[in-house]
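Notes for the one structure printed next.
Chains here go by letter, A, B and C, matching the order in which they are written, and residues are numbered from 1 within each.
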């Protein structure tokens, strides 16, 4: 019974992906390319070579964190859509610390950058958190709009006051060597990936073993019950949105110090790491293990897309299209416990095996 | 008389659960048929099938001897079957006439796509007059009392010319006076040739108004009797399957200590619209005493409980517990000083349906060290705790690792009581403790409350079941429009006297 | 034109796409379906309009195709949200992500940064209204706008009548406010919810058309820039009542008009003026909400 349920959950995540890949394939066909070849390159180069696999893991680091940031609030019934903006400000601030604060100790420099990045995420998240908790303003609408505000502000800052005058495009100065994570060997992997895993692990533990997790579950499933049994919903909502902001800011800082090294207008990539986090969280049905798997899967899709650009004429925006379709299909449950296709299948199987047993 | 409605082997299954099992019901034309049974016996399911709110799994329905197959409630109405639901199906922001005509709007004579609201108002006013209801058709529904809203529901069906009117637990939200008025109206409708099916678990009303009674238990019909040939005790026995005590054994003899433990002074608050809903409420409760609050629902009891349980903020007044000011404390703070709370709505505030039994069993004491090892949760300890509660309170469960949604109303309530009593409180706030609970569990819960009182605990009991308040309480405050209108001794007061207070009649003398 | 009447004209001009989204979106709001996909639908309208304008100069075809595509998106939204009971917020976000993704996929494939229909001269799409244009002061503000603006203004009246005086409007409000009442009387909630969503989609299409085709003849990705969310905020603030919600849309239009007209005097910092409408929107939401809960004594914050 229980394994049946897990299987259904699994299928509910896998089917949207397959369908999205199918629609993506039709799109690739439509522009006169071979989808098998495209997907072959995509996943072959991102999962089945050492170089590809490490690239994929490297890119999965921030996704793991933004996925967790989304999952924490989603599970509590809050829609913190500001993860993207919080990540941007976190990354930007870490970039400033990295470039303008010359701390020679690499540990300290990174620690300060992380702290400032996370703090920036928290401060930015404070606006929707307080508005939500004290004025009952819909946090989703607020965070969605604040993303635009943040993008505009950062665009102004990076093209005006903090622009690297020497560069031919809009960017902040490159961060100091002491703020850069060093890569493992010839791979792109840096200690930041380990750090991301560690932070993720701590969150997982807190979620499973302390009142933190109980609060998230209870508030998400029944806020009135939570208040009535003394969980202090208002405080908890503020706390959760701020934690989410801190993780996002931290992820941005890590992305800055392990990958980008400077803030450009495409800091967060084609689809946006915050939005990627939403897909990762949804695809992993907000569960810790699910988020780990889906962040690696999605990271593979993204790194694969970079290769697609190199070897075929398919625009790498195909990933964004596939991402959108996956999320669209994830909004509904293809199968449910009672009337599942699966039950019909297992029933048939049962009939076959029935008499023999 | 001829048979107007008949069912043959009507069955409804929800998954593996059989809610109605081969029901063969016969209703005569022009009679008032009462259908009685405990909560969860399947009365509402049966009616919802007749009204085609839900499709039957198997079986047939005959109307005037002809088999019918409705596709929707609309079909049922067109064939003359109407239903007044227990929870009203009204649109609060709409006016009375708009609600009555909902779904059968009158189009404008010239511009057919527009609605002719003038004509609508006229027709509704005529309808109200014809049946002698006292209603302003231009009033907005959310401003009306529950009793008036019920009238709209009935009018809605009468406008559609139904012959058979099904009423699902119509009296549970009414004052005794309003109940009498409704019963009179039903007799009036019967005189005009309507057939009425009355679903209820209140036997007094059955005896007073019905012609015949069908008793349902566990999804099956276990008896059809003429009202004139039976009595309340017999019906009760049929419903439960054993002899029941219709009143609890309360000797009221326990010595009350003079020590006041809980004092409420001039407590006041307002609702979202800024209207005062709890208005300078004052009372005190002594150790070893049950203080009951009676009143028709919607007179501020619900808000009072929320104020006292930390769910709502007071705008004025104080609450003292054991000499300490506890006004506006939060729920977690109230629990930590020994106040237990059985909330009004068990699935909204008491339990979380989608969480496991054990997670629910630690609600309210999630920080307690009893459930931790090395500072973090120890699932073994939590499970043991939950098992203990289940054993001690004989909570019937199907799956220990499942969610609370598996529990019946009575067992869910027991889980709440078990959890709240665990911390050995001195004061208990019990709001609607037996609502929607079967008779067996009612007895158990009442006994728990009395035992708690007998051990020296103080209880605040809020219930809209007058008989419950009367039989358990040592003193009763009657609430009307946010005020406590009077305080009475249940042993020296009749139900009629309290009923008058509940309807807002100022008492001659306050006991 | 002097500065003041320029600001007021621009106010009406910049209100148009938001107004259209508001008036279309409030039907879904009243039906109890939160349609945050207005943003994506509007972008789809913008894209398709210019995309088709590259192939043909037939204005009718351009309008028709934008409406059709948005209707299809609306139907997808409705199918997933209403028939399959999916999470509307996720569906909305997915559409908001999918539309720009497909647009940039096509742009990349065509190898262009944006779409420009060179034949489109915005001046040709501005119409003067015979009588109104001669009214002193008001004339130059209300007249000389593209078709979309007039559709928006007329829609205020149409939406009010439809919502309160027709069966469709009444049932739409019923299924949003008390779905049980609707089903108990046999009102098909799904049907009305679907139509309500569809109206929003069609109005977004007109809004998108206005934004890209009527105004500029150019499509750039992301050109809707959150106007759909501002529209949702306006609907929230106006509680879905057509006139009130339209007034909020006008306030945002004014903020944008001020930001643009005054930026001339502000130098480089004027780049930040763009955020004024957004911040204003959040402030209005907060004030609105604070006012609404001023009497709220319940300790429930969800």
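Going forward, contacts are C-beta pairs under 8 Å (C-beta built on N, C-alpha and C of every residue); 3 or more make two chains touch, one makes a residue touch a chain.
Just so we're clear, the structure is a prediction, and the values are computed from it rather than from any experiment.
Peer 1: Quick check: more C-beta contact pairs in B-C or A-C?
Peer 2: A-C
Peer 1: Taking each chain's centre as the mean of its C-alpha atoms, give the chain farthest from subunit A.
Peer 2: Greatest centre separation from subunit A goes to chain B.
Peer 1: Quick check: how many Å separate the C-alpha centres of subunit A and subunit B?
Peer 2: Distance between chain centres, rounded to whole Å: 46 Å.
Peer 1: For subunit B and subunit C, what's the span in angstrom between their mean Cα positions?
Peer 2: 45
Peer 1: With chain centres defined as C-alpha means, what is the inter-centre distance between subunit A and subunit C in Å?
Peer 2: The mean C-alpha positions of subunit A and subunit C differ by 29 Å.
Peer 1: Indicate the residues of subunit B shared as contacts by at least two other chains.
Peer 2: Only 310-311, 330 qualify.
Peer 1: Please output the residue numbers of subunit C that touch at least 2 other chains, ranges allowed.
Peer 2: 293, 296, 299-300
Peer 1: Quick check: what residues of subunit A touch more than one other chain, meaning two or more?
Peer 2: Touching at least two other chains: 224, 227.
Peer 1: If you look only at subunit C, which of its residues touch subunit A in the complex?
Peer 2: 36, 76, 80-81, 84-91, 93-95, 97-102, 104-105, 108-109, 225-226, 229-230, 232-233, 236, 268-269, 271-272, 274-275, 278-279, 281-282, 285-286, 289-290, 292-293, 296, 299-302
Peer 1: Quick one: in the complex, what on subunit B touches subunit A?
Peer 2: 15, 309-311, 330-335, 341, 343, 348-355, 359, 363-364, 366-367, 376-377
Peer 1: In the complex, go through subunit A and note every residue touching subunit C.
Peer 2: 27, 31, 77, 79, 81, 127, 131-133, 135-138, 140-142, 144-146, 148-149, 152-153, 155-156, 159-160, 223-224, 227, 233-234, 237, 270-271, 275, 278, 282, 315-318, 320-321, 323-325, 327-328, 330-332
Peer 1: Enumerate the contact residues on subunit B facing subunit C in the complex.
Peer 2: Residue list for subunit B touching subunit C: 53, 72-75, 77, 83, 85, 87, 89-94, 98-99, 102-103, 105, 107, 113-115, 117, 269-274, 306, 310-315, 330.
Peer 1: Within the complex, which stretch of subunit C touches subunit B?
Peer 2: On the subunit C side, the touching residues are 161, 165-167, 170, 173-174, 177-178, 180-181, 183-187, 293-300.
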